[in-house]
Structures are given as C-alpha cells and as structure tokens.
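Please find the structures below.
Here come two complexes built around chain A, the first alongside chain B, the second alongside chain C.
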Partner chain A sequence: MTDLSAIPAAAASKPAIAPAKEPFSRRMMPWLLLAPVFAVMAFAFVAPLLVFLEYSFWRFEYGKLIEDFTFDTYVEFLTDPYFHTIVYDTLKMALITTLCSVAVGYPLAYALWRITRPGLQKWFGLIIFSPILVSVVVRSYGWTVLLADQGPVNWFLQVVLHLPEPVRLVFNLTGVVISLTHVFLPFVVFPIYSTMTRLDPTLREAAMDLGAGWWTTFRRVTFPLTLPGLLAGAQISFTLALGAFVTPQLLGGGRVLVLPLQVFQATTDINWPLAAVGGIALLVLAMITVAVSNRLLRYSEV
Partner chain B sequence: MTGRLPHYRYLLLGAFAVAGVIFVISPLAIVVLNSFSSVAYNVFPPEGYSVRWYENLAQQSAFYLAAVRSVLLALSATVVSLVIGTLAAYSIVRYRPRWSDLIKGFLLSPIVLPNIVLGVAVFMFFIRTGLYGTYFSLVVTHVVVVLPLVIAVLTAALANYDWTLQEAAMDLGAGPIRTFLRVTMPQISISMIISGVFAFITSFDQVETTLFLVRPGANTLPIEMFLYLQKWQDPTIAALSTVLIVFAFLIVSVLSLAMRNRGLPLAVLRQDKEKSE
Partner chain C sequence: MGNMPSDVEFTNVSKVFGTFLAVDDISFSVPKGSFFSLLGPSGCGKTTTLRMTSGFEWPDAGTVRIAGQDMHNVAAYSRPTNMVFQRWALFPHMTVAQNVAFGLEVDRRPREEIRRRVAEALELVDLLSFADRKPRQLSGGQMQRVALARALVKQPKVLLLDEPLGALDLKLRMQMQLELKRIQREVGTTFMYVTHDQGEAMTMSDQIAVMNKGKIEQLDTPQAIYDRPASRFVASFIGNTNLIPVEVVGTPGPTARVRLGGLEFSAATGTAPKGGKGTVSLRYERIRIGADAASRDTRTRALVKDVIFSGSAILYVVALEGSDVELTVEAPHDGTSAPIAKGSAVDIGWDGGATTLFADD
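What follows is the complex of A and B.
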C-alpha cells in the first residue's frame, strides 16, 4: 500500500460516476473478488454432490461397489417398507420436534419482548441464546443424564409426585424430541422475537383503545403479525430436525432410526449407493420443506 | 402500558419465563453436578462428591490433543471464510454483478443441505481424489459449512453501510485497499466479529461433516467425545463438558462486556435478518 499504487486506482474508480464504458479491469473486479468463494464452493460443495449423485447409480453387491448406471437402489428405497418406516419416523420426529419448539419458543419470545427492564431482558436473552455456545454433544449428554431412569426428572416424579415406577424418557423418541427442542430453541425464539420487535406498537394500542381485550388483541393483531416469524422458526426447526444426527444417535438408544442415521450406517457399511439415495431423499425432504414454508411465508405476510 | 396488564397474566408469563430458563439451563447444570459425582454411574441425588473424574480427565491426553486440533481447525476455517466471505459479500453488495441474487442464493445454499449429506459427499469425493485424511480436506469442508453464515451477515452489514464514505475516501486519494481497511472495515467490524465468533463455534462443534474426514487417532474434540460416549457413560465426559461450559461462559462474559454499550448483541443480527428478507 503506497501512494504510487493509490493514484491510478483512484483514477480508475472515476468512470464509475460517469455512465461511460468502464475499463475491462473494473468490469472484472466483482468476479475477481468472487473467485476464491466460487473455487471453494466448486471444489468442496458442487463436485462432492455430483460424485454423491453418481454413486447413487452404482451397484453394491457382495460387499463391493460396482460402477454402473442403474436405478435399482432408488427402486429398492422407494418400494421397501423398511425405508418407508425410516422416512415416516424422520418426518414424525421432525414434526413433533417443530411443534414442541414452537410451543416453547413462542411464549419465551413473547416474554423476552414484554420484559421492560433492560437489565433483566439482556440476561434473559443471554440465557436463552447461550446454549448455542455449548456443543450439541455436551447438551445431548446432559439430557441423557437428566432423563435417565435414576436421573433428576424421574427422581422428582417418584419422590415428589409419588409415581410408582420410573418413566422411560430416554433412549426413545421422547428423549430425542426433548433434547432437539432444547438444541433448536434459540433458532426458533430468534426469528419470532425479531418480528415482535418490528411490530408497530400503535397497532396494539389502537386495538386496545377500541375496546379489544388482551386476548382479542393478541388473536387479531399480535399473533397474525408475528406469524411470519413463527413460520420462519418452524422452518428452521423442521429442516434442522430432518438432518439431526448426534442427538438421535446419543438419545435414541438405537430405537430411533432416522434418515441421517441410515445414511451414516450405509456409509460405514460401504454401501455407498444406498447412502447416496438416502442422502438424496433427505435433501429432497429439506428442499420441499423450504419451498412449502416459503410459500406459506408469502401468504402470511400479505 | 404494561401497568394495565392484569396481574395473573403477568404472573403466568413470568412463570413460563422461569420454566424456560430452567429448561435451558438444567441439562448444563446437571452435567456440572454430575462431574463431581463420586460414582461411575448416573444417579440422582448424587451419592457423594469427588474430583476423581477431573483427575481421570487430566490423564487422558487424547482429549488435550483433540482440543488443540479443534481450536486450530476452527481458527483456520474462521480466518479463511472471513477473508473470502468478505471479498464475496463486498463484490455482491458493491458491484451488484449480473445475477447477483442468484450468486447469493448459490453461496447460501449449503444451509439447506443437511450436514450429514455434505459430510458423506465430501468423504466420497476426497476418497476418490486421494485427498482423504489431509488437513486441507478438513479445512475446506469446514469453510463450506461456515461460509453461508459469514456471507449472510456481511452482505446485510454492507447493505446498511453508507457508501458515500467510501467514495469520499477514494476521492481524497486513498487507494481501494486502504479505503477498505481504514474506512469500510471499521464500519462493519461488529458484524465481522459476530460472524467470526459464530463461524468459530460452528466449526468447533462440527460432528456430522468431521466424523467422516478425520483419520483414526486424529479426532477433533466433539468427535472424541461423541465416540467416547458411545462406549462409556462415566462422568469423565461430564468433567470435560464442565470445562467446555466454563469456556463458553467466559466467551459470553467477554462478549457481553464488549457489547455493554451496544445493547443486546442480537440487535446487530436482527438488522441483518430484516435486510435479508
């Protein structure tokens, strides 16, 4: 960086103000700046996905990969009831988790929004968002301890509420859903809270001045106007739940077989065509989710 | 206005907020409590207290090495993604090249891809190209994972940036690089710090992509813990988790001190979110 280099560069930027034909070097500038990102994306995103797609057409026989072009694995995946169950379980887990995340996240966002004391609001916000900083592995481990037969939750149920025997909360779908709700909570609270802070306060005041009670104001004004945030949160939660791997593995206890676990299993079994088809199914589900929720978002904003 | 709210509803909301805080904190609190347990199995209330799991942790050098590897990897991925992500965001916002919306969509698209799919895909790709097990393959994969985050935050920050400042600096004779470093970058520095912190955390916590790429014996910390948990459930992992929670707590404290005069750090992200919609 010397003054010598500065002068011609400054001169080169002059034509940007006048609508004249720009010099070649300046026209190439944006692409030059984008080149490193494109290189990385091409190398570690596009090319791997193409290879992935290619493997989905290969065959897997007697523990060996055979280069081929066949739709057999797709047909197997689409017709075998075993895979239907996996897809069904994946969608079920994602749906229940999303409903739980929204049911917990919306009131928490509302509370965060309604807290008027700045110090309290800051601490409340920090507590809700701080779990992002802790590894999913640690949090899932925390839930296995918390929900175990001899854990605190069952201790509470038995000693305080006098239930006769421990409730199975872990190593099944319940545990996975509770833990995933915890993991996704910040991602759900955030968009909802963000739409709430953008809400024009005069709208609520007008509704209340016109005689609407709290519930009517909430139902007719606040809730419809924060619906886009809620849908955005639900979309994030659903897509993250579809791809969840660590939590179902650690808290599912082998009973929650979802697509990401099937993909992992097939990869370690060297059945790469099956892993590829499972992964493509997962990707298609994620893309459908995004498309549907974007459509819903557009409706909700009108 | 809140003064007009009936009491019970206020109480109900307060109770829900407290329940929410308990829900968020309890899995972390139990890990800390469990790390001081005197027995190897999980039981509540604890039968006794000891620091034997910390002693056990101190003897496991695998965790140290894994932690060092994780920090180095996350640092490399963060630095690389911040540098190339800033260049790309600058290009998209400043020059608005042809198809800039399409380009941005393409650069953000890894968000939709479940990480496990990316992990398996790069694993197959690196095996085929003979790059499997190299450090380069790990870094470049992590860069792809954190890049959308960096680009989303920085394009939003640059969209809010007052470009007349830049023109003024250039008109006064500063070169493009000096203008960027001295004028533009200070304006977007908070967004760069935030996206850098998030990139670091995301990379540090990566399991799904890293799982396939690390060679045996060269695991990162989350992988080491994940594999350990599949074999044992003793509180050694609780002791390690406690150490990580303390680190996270320190990061939050430092960040909240640094942002003390700027309100919730989320405010910055919120702006970004608005712009990106």
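What follows is the complex of A and C.
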C-alpha cells in the first residue's frame, strides 16, 4: 500500500504561488462603467415595477382606490372572457405581424446578402433602415392615407385589378399588421443578414459541387444555417409587437384592442390595479416568448 | 503511347478578373486515373484553373473538356467532378454520415444504396466509427478525411483537391500525403491537386504542371521537373538551388560553355540566353565538398563562410576563390565525421549534368 498521507506533504513542500491579482483599479473598471446604467435601471425600471406590483394587489371599487392586499384583480383578469379576448387578440396580432415580418424580411436579407456591389448594398441597407427614421405618428398617418378606401392602394386594386369595391385595409387588424411589419423590418432583416454574412461561402459551393441546385442548396444548407438569425429576428418582432401601442391606437380604429391599449384605458380610469395586472401580464408574455425562442435557438444552433 | 484517354483537357483557356489575367492561354490534358498536380506560388492561376474545372468559374476563352465532353454550358452541379475544399467546407449542421450522404440524396439514390455507399466511403477513409459525430467534434485530419469521403462517394470522374492539407500540421500532412496516394491508387479516380507546396506535389503526383503568372512553365513527371527544369522560375521554385550569374562562351547548343570568374564549365541549356550573359542553376546537393569533390568534372577552391546543421544534412555557405560568388552546398550528415570547420579552405566540385543554363528574366 502506498502511503497516501505522504502526497499532500510533498505538495506542501513546493513553494506556494498564488495567481497574481490584477490591480484594484483595473478590477473596479467594469463596475464603474456599469454604475450609471445600474442607477438608471434601478430608478426608472426596477422601482416602478415594484410599485406596480404593489398596486396590483389593491382594490378598485366605485371609482376609488383602496389599499389592500387581495388577488381579486388577478382572478378577474384570469377568469373574465373579456380579458381572454384581449390577450388572444394581442397574441394573434403579434404572431401575424411576426410571420409577415419574417416572410418579408428573410428574402430582403437574402437579397441584401447576394448584392455584390458595395454601393448598391449601402443604399439598400438605408432603405430597409428608413422606417425607424420616421416618427411613429407620422408613419401611421402616412399609412392611413395610403391604405384608405380612396387611397392609392385601393385605387390600384379597383382600377388595375378591377376589384368591385374597396378593400378595408385600415382601422382594423390588417392596417396595424402592415404598419408594424414595415417598422419591424430592420429588426428582422439585420439579425438574418448578419448570420448570412457569417456563413462560409464555400458551403454553398460545396453543396452545388455535390449536385445540389439553387433550391436544394437553400433548403438544406443556407436556410438551416441562418435559422438562428431568423429566430432572433422573430423574437425581437414578437416582443416589440406585444408592446406596440401607438400603431394599434392610430391604425386599429378601435377594433384592435390589445393589452397595451387596455392598460392605457385602465390608467385613464385611474384603475391602477387593473393597469398593473395588465402590465404584469404583458411582462409575463414577453418573458415566455424570450424563453421559448431561446430554447428554439439552442436547437437551431450547430 | 499516343492517344491516352484523358479525363480533363484544357485547350487555350484564359480567365480574366477585371484587368488581371489570372489564367493566360493554357492547354494541358490529364491522363485518366493519374494524380495530377497544379503547383505554383499564390496568384499563379492554379486555383482558378481548378475552379474552371469544377464549374465555379467560367473561362473567358478556350474550352474545358471533362471525359471528352465540352463543359462550356454545364453547371457545377451537373459536372462529373467533385471537390475537396481548402478548409473542407463540411456542413456544420449535419453529422459525418449526413455530410457524406448529401450528394447521393441530392441525386435521389435509393435509401439502401445510400446507406451502403456511405458506409463504404467512411470505411475507405477509416472513419466508420465517427459516422454520428458533428464536424465540430472532429480534428482537422478527420474533417479532411470526411471531405474526401463526401467527394469520393459520388464516384466522380475527376476528384479536385484545393490545397486540402494546407491547414494541417506538418506531421499530419506527411501522413495524409501517403494516405491520399493510397486512396487514389485504391479507387483509381483521376486526382487533380492544387498546391503551393513543392514537396507535397513531388511526393504524390504522377505529373506536375508548374504554373507562374497564369501560364504553365513546365508539365512533366516530378523527377523530370526536378532534374531538368525548363525555366529559371521552375529551377528556383522546386527544390533548393544556387542561381549563378555567368558569361556565356560561344553559341549555346544543347549544352553551353559558361565562364564564372576564372572557372569555365559546361551546362545543359534550359532556355538559351540572348547576348553573352545568363544564369546557371546548380542544386545544393549536387555540389560535392572536400575529398568527394576530387573526381568531379568541374573543381575549384572555396572558403567555408558558414556551416548550418539541419539534422539530416549540413549546409555550407562557401565563397569561390577568385570571385565573390557565394554558393550553398548541401552535404548529407551521416553522423560519422565532424563537419568542416568555418573558415577553412576546401575543394568543391560538380559534374556537367548538374547544371542548367537559363536566360536572365
């Protein structure tokens, strides 16, 4: 038998060298840089959130706020079919908007990637970026004009395509989805585009060399490898759509009652508990979205 | 032999990128079943030549034939060629088996046949037990073999290899050279191999085309290229050689008389120089030093200026007596005798066949 106790003794006889520490000022540097952000986050995000959480347990009766600790508002929110409809409509709008954004954004990203002339590529990128350069109010009124019954889009549909009557494109879900898709485009295009540019170009050559035409190469190589970018874009689009307020307000024509609008209405009624519960519901939905898409992302990554 | 069947045939092919003439009117043919290398420095047009064979680039002039068929409107995906890429280009989201199966699935082969051929191909490169791994779980050498299996499983007429060993370390590279040669002999497919590493080309090839500035400077067997370089470029690119400025005496025929200081000797004529000056190529290892120099055709005295020990050989830098020309001499190191000391005067000599005369560029 070997005497095991001899081993630590031998190890201890070696000179003990502790890893050198970085100077204090160097170690503090990242924290110092983060401090302003932490301060703002604590003051403008965490604190209001906690206040909101407190409000959600209060009661609202006959136009009056009563400080209490009750789950009544939560129960109401979760059982009343009215709120079910609002949550359902919110998710539906976000989902349709996300599908449209991805359906328009992916081909755009692909085109941007395949354009080889750098000058053209720059202009193309700027055009895709342009929606967020314009104020949301201006953009919404612009769409109102374009999509109105007497607007240019309907003129085209009736005069050129001979549709019997104007198509209702605005002051309903369609108008909201069109406008949101428009503004989310850069958020969808750029994650997809960046995964495309990181793709090894010889992979496409390898696929073609092995007999795959354009479509097979896209379906079996390019698309699966750019899926992480697509999922990232979809996640951004979905969470932004969940929180969209101005666009559904201006282009929904009162027919698109989504959660943020409901929260706003509750605040104007000074029904703070209901507003708080609505806000928390939004937060939970966004967190579920992020969790689900992160899980999907992990699967899609190589 | 006359009409040997060729798998790849280039006739007066040129390729231009913008204003850069990448490939300049080259013609060659690759005999069926041979190991053919395109060798040259970077930018010499060798990769472009390979890519015109695979169909990734289109020639701006001339014709490319593969297995007798004109390829002028045949796209990359319908050519009977497959390629092993420089960084292997394995599909990162597929397993080893899926990578190898890809080309057969695209061809819609029956499932049973795909399974069998994938297994055979992985067996050939000794990777059957790695079938379910993803590329990121493989070493460089293993990825290289997967790329080889993926290309060979399609049974191409011609296998194209674009510096596939460039990213491997030296030991592995030597091992893979022998492995590639074994596989080529085993499957009998024509291999067209691009490299800038002359040792690699020498070891594996049946024929080497040495390229420079878009042109083929010499196309021959490795030994012929080494022993009888056709141009000054080939002489200096392949192996280690002394390039010595000389005066030409008289008119050069198949051999020429040249003068170096007080020394006069004959050299085979590679390219006949115009005027009275030229360059003689004299390989390091063809010069004998010390007692070994005694019976050589040309002999002279020289001063040892430097001694470099490199394991299997010793390099001597010597200055010729009566001229300021310095030559490098490579003597085998047999481990029995001590190297000649720096600063000593020695005899050096070489035979007539060791030298080749070229025109100055």
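Methods note: the second predicted complex is superposed on the first by the 266 of 302 C-alpha atoms of A that agree within 3 Å, B and C clash if a C-alpha of one lies under 4 Å from a C-alpha of the other, contacts with A are read in each partner's own complex, and residues count from 1 in each chain.
Rule of thumb we're sticking to: contacts are C-beta pairs under 8 Å (C-beta built on N, C-alpha and C of every residue); 3 or more make two chains touch, one makes a residue touch a chain.
Keep in mind it's a predicted model, so treat the numbers as computed, not measured.
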| item | value |
| --- | --- |
| Partners on chain A (chain B, chain C) - clash or fit | fit |
| Touched partner set for A:34, first chain B, second chain C, both or neither | first |
| Partner chain in contact with A:143 - chain B first, chain C second, else both or neither | first |
| Of chain B and chain C, the chain that contacts the larger number of chain A residues | B |
| Contacts of A:205 with chain B and chain C, given as first, second, both or neither | both |
| Contacts of A:116 with chain B and chain C, given as first, second, both or neither | first |
| Contacts of A:128 with chain B and chain C, given as first, second, both or neither | first |
| First (chain B), second (chain C), both or neither touched by A:224 | second |
| Which of chain B and chain C A:216 touches, first, second, both or neither | second |
| Lowest C-alpha to C-alpha distance for chain C against chain B (Å) | 6 |
| Residues of chain A at both interfaces, chain B in one complex, chain C in the other | 205, 208 |
| In the complex, chain A residues that touch chain B | 1, 3, 5-7, 9-10, 13, 29-31, 33-34, 36-37, 40-41, 43-45, 47-49, 51-52, 55, 104, 107-108, 110-112, 114-116, 118, 121-122, 124-139, 141-146, 148, 150-152, 154-155, 179, 182, 185, 190-191, 193-194, 197-198, 201, 205, 208, 214, 239, 242-243, 245-246, 249-250, 260, 263-264, 267, 272, 275-276, 279, 282-283, 286-287, 290 |
| Contacting residues of chain B [partner chain A, same complex] | 1-2, 4-6, 9, 13-14, 16-17, 20-21, 23-28, 30-31, 34, 41-45, 83-85, 87-88, 90-92, 94-95, 97, 103, 106-107, 109-110, 112-118, 120-126, 128, 140-141, 143-144, 147, 151, 170-171, 173-178, 201, 204-205, 207-208, 211-212, 221-222, 225-226, 229-230, 233, 237-238, 241, 244-245, 248-249, 251-252, 256, 263-264, 266, 269-270, 273-274 |
| Footprint of chain C on chain A - complex, ascending | 200, 202-203, 205-213, 216, 220-221, 224-225, 302 |
| Chain C residues touching chain A - in the complex, by the definition given at the top | 54, 56, 75-78, 81-83, 85-87, 89-93, 102-103, 106-107, 134, 136, 150-151, 154 |
